[in-house]
Amino acid sequence: MLFKVEMTVNIPYGMPANEIEEIKSREKAYSQQLQRDGKWRHIWRIAGLYANVSIFDVDDAEELHQILMALPLYPFMDIRIEALCRHPSSIHSNDR
Amino acid sequence: MLFKVEMTVNIPYGMPANEIEEIKSREKAYSQQLQRDGKWRHIWRIAGLYANVSIFDVDDAEELHQILMALPLYPFMDIRIEALCRHPSSIHSNDR
Amino acid sequence: MLFKVEMTVNIPYGMPANEIEEIKSREKAYSQQLQRDGKWRHIWRIAGLYANVSIFDVDDAEELHQILMALPLYPFMDIRIEALCRHPSSIHSNDR
Amino acid sequence: MLFKVEMTVNIPYGMPANEIEEIKSREKAYSQQLQRDGKWRHIWRIAGLYANVSIFDVDDAEELHQILMALPLYPFMDIRIEALCRHPSSIHSNDR
Amino acid sequence: MLFKVEMTVNIPYGMPANEIEEIKSREKAYSQQLQRDGKWRHIWRIAGLYANVSIFDVDDAEELHQILMALPLYPFMDIRIEALCRHPSSIHSNDR
Amino acid sequence: MLFKVEMTVNIPYGMPANEIEEIKSREKAYSQQLQRDGKWRHIWRIAGLYANVSIFDVDDAEELHQILMALPLYPFMDIRIEALCRHPSSIHSNDR
Amino acid sequence: MLFKVEMTVNIPYGMPANEIEEIKSREKAYSQQLQRDGKWRHIWRIAGLYANVSIFDVDDAEELHQILMALPLYPFMDIRIEALCRHPSSIHSNDR
Amino acid sequence: MLFKVEMTVNIPYGMPANEIEEIKSREKAYSQQLQRDGKWRHIWRIAGLYANVSIFDVDDAEELHQILMALPLYPFMDIRIEALCRHPSSIHSNDR
Amino acid sequence: MLFKVEMTVNIPYGMPANEIEEIKSREKAYSQQLQRDGKWRHIWRIAGLYANVSIFDVDDAEELHQILMALPLYPFMDIRIEALCRHPSSIHSNDR
Amino acid sequence: MLFKVEMTVNIPYGMPANEIEEIKSREKAYSQQLQRDGKWRHIWRIAGLYANVSIFDVDDAEELHQILMALPLYPFMDIRIEALCRHPSSIHSNDR
């Protein structure tokens, strides 16, 4: 099942630089593992913003929730979610 | 170049049913041609809404503009657009 | 899979009364059949508004979409949707 | 009497982890006691968010107020409330 | 039980003047009957707007809903509702 | 002259508990004195929120301003104000 | 007593031109009479918009309400109102 | 040239009282000098809020900008600006 | 003096096609004359929208107002305006 | 390719003055280099605000992203971006 997730990151002023780098590093590794697993199908940067548009391919909302709550940057994210389904005009039977 | 486009359709009350069907039919054909051309990379239905999330792969903003203005349903759409670029955490060199 | 759906109905001014009644009658029958099928688990009126809060229990987003698009009042509704999952503090293993 | 309550939790940056855990632990115990008492009828997680949708079944607005103000996480919550009543299309005489 | 209700009236352009007057006349009679019954405790005009702030004193949300849905001007109103309870700083034990 | 005032209180995280209590205590005494003086005609709690709906009966906007600016909790309040006048459907000649 | 009133005019599409002109003509005469009476102290056009910022000097909210409701363009206006009082930094004892 | 400027002041929690007083004192002196110079034509308090509505009479946008950026309270202000011009219904040829 | 103006066009459903074309044609001629006069310095299409971002170089707010009110498409436009001035980081002494 | 970028700066309360000055100094140098390179075509101050409207002329969204993320003030900016293209009414074949 597909979900579009938009994440915007807001790092609090005064957070130590090495702490930020350590979290970002864990975030990247975590994201890439999920991409390799086929759960995080797409991730695009929104131009000019510390934000992304992502497509997740998960079993259900529960799995999506567990994945997002484990994001190292989650406490600093504003997140918007929409469930997707196949569009009747799509030329693909299963566009993921 | 990639753009995320979200389209929400609002058909005016009182529009004749056959006129609606004719426009929708042209919209579908137009969308599918652009998908076959590789310009309209993804189109997903937002669950429960007469709306979609799409990814366009165009030469530039001008081409995106010409494509969208020619949508048969354009006069009845609310449209939101964001330019995308590669995300540094993506495992793909060119995720389209 | 559970979704919370909030529906607000806006009948256009000038719509003939018998047409409204006919649509509402079909809406009620349709809703009650889905309730009997276990798909539309809860429906509550929001006090003072021509609006409801509903809980749907469907296979996936696709089924939710098909159910909502077939609502006789759909063209006159403003709809907001959120995917739900089990809350870790719930005393029920499967609260539907 | 039924109320739909939506709670979104925002933990301030810099709050000590053990203080957070202690509050969450009290929140869970408090919520579960109210669920066993039949006051907090439903609680669902909104997928991907540190937020829930809940249905309360209370004597009146006063009781709802006392319950919510005593939530251990209340100072960190954004709360939205709507009073509910039976929907005329419900197949249940008293859906709680 | 008390509810604050704010009603803003929007008469559609083109509605016949005598039809408007007839509805307003019924609205006034209906409101005044409810005031005499003690259900509609207060009604104030918001200065400069075709809008009011009202306090209703009803048995429960169901009664509030029935009262509001029967307002002759209801189809032309934008309505916002909040449940009230006694304020701990009030010098009245039961301010209605 | 009547004004509806809605006050929502936001206590900053980290404010010492005894400081909060001292301010709340002064707020309550101040509010009750104004109620006894007939200036603060009504105060209701909005159910579930740290917020109130109040009706002030003052000589003019200047007096309202002086009263509100002297609220001990004023620095922590979000305030919305609307001037009221008699509603033509009111059965009272002077509902305060 | 002073009120700032902001009025934005929205003429419905399809309203006959002579009807519009007749209403605007009455609006202008009405506004100028109130200006000569000292009730409508200031009226400025917001540059580029069919909108104005006005300062009214009235006995109370009731008088403001009667003045605004009698505006010939009132049915086509979006109106925002704020009560004003003397600013402690003003060099005028009574700036109207 | 006239501009309407609305300023809302938000003092950060924890700012030392003497620092606040010193800034307010400078703000008042600065505002009064500009009023005497005829640049700051009107300043009114918005009743109940730590906010004002002001009318500036400046040579151009550049002068307005320099004046506002030099406000001692500027770092704590939320500011909204609209350019004004003569209203065709004004009875004054030059209402400042 | 410079102003940034953003215009979004909304053509009412049902407006005759030849009437639309005639207005658009007059709009284009009017815009181009103002561009040649140096009043309308820049006009860019916002990609994908029936909207533009423009920079006007006018004597004052009054001239801007007269120019905008005379736009043939004005009745169908949503307009947002901001006054501009030289940026201290600009490498141009007068960037128009 | 052109983008309109609007940047609003919010300096956190308590940030040391010399740190602010150092960042602003770097911001200015960085902006001026990009202007000399022809990438940052226009920068205007929004009158009265610590904000600017800018036009960027870049190869693609990726280049825009890299430029904006390197702004020394980026962590304190609220940024809004829109892709632009040639307007059919422009008298210039390539207005940059």
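Brief remarks on what is shown
All chains are identified by letter, namely A, B, C, D, E, F, G, H, I and J, in their written order; residue positions are counted from 1 within each chain.
Basically, contacts are C-beta pairs under 8 Å (C-beta built on N, C-alpha and C of every residue); 3 or more make two chains touch, one makes a residue touch a chain.
Labels paired with UniProt names: A, B, C, D, E, F, G, H, I, J = Muconolactone Delta-isomerase.
Just so it is clear, the structure is predicted and the values come from calculations on it, not from any experiment.
The chains in contact with chain A as well as with chain I are B, J.
Two copies of one sequence, chain A and chain D, touch each other mainly through non-matching residues, since under half of the numbers at the interface are common to both. Among the other chains, the CA centroid farthest from that of chain B is the one of F. For chain pairs H-I and D-F, the one joined by more C-beta pairs in contact is H-I. A rotation of 180 degrees, rounded to the nearest 5, superposes the Cα atoms of chain G on chain H.
On a Cα centroid basis, the chain most remote from chain G in this structure is A.
For the pair chain C and chain E, the distance between C-alpha centroids works out to 27 Å. The centroid of the Cα atoms in chain E and the matching centroid in chain J are 50 Å apart. Looking at chain B, residues 2-3, 45, 47-48, 61-62, 64-65, 81-86 sit in touch with two or more other chains. Chain pairs that touch one another: A-B, A-C, A-D, A-J, B-C, B-I, B-J, C-D, C-E, D-E, D-F, E-F, E-G, F-G, F-H, G-H, G-I, H-I, H-J, I-J. Across the complex, chain D meets chain A through its residues 11, 13-14, 45, 47-50.
Remark: chain G residues 3, 5, 12, 15, 61-62, 64-65, 68-69, 75-76, 79, 81 touch chain E in the complex.
On the side of chain D, the complex with chain E involves touching residues 1-3, 60-62, 64-65, 81-86. Partner chain F is touched in their complex by these residues of chain E: 2, 4, 27-28, 31-32, 35-36, 42-48, 52-53, 55, 82-92, 95.
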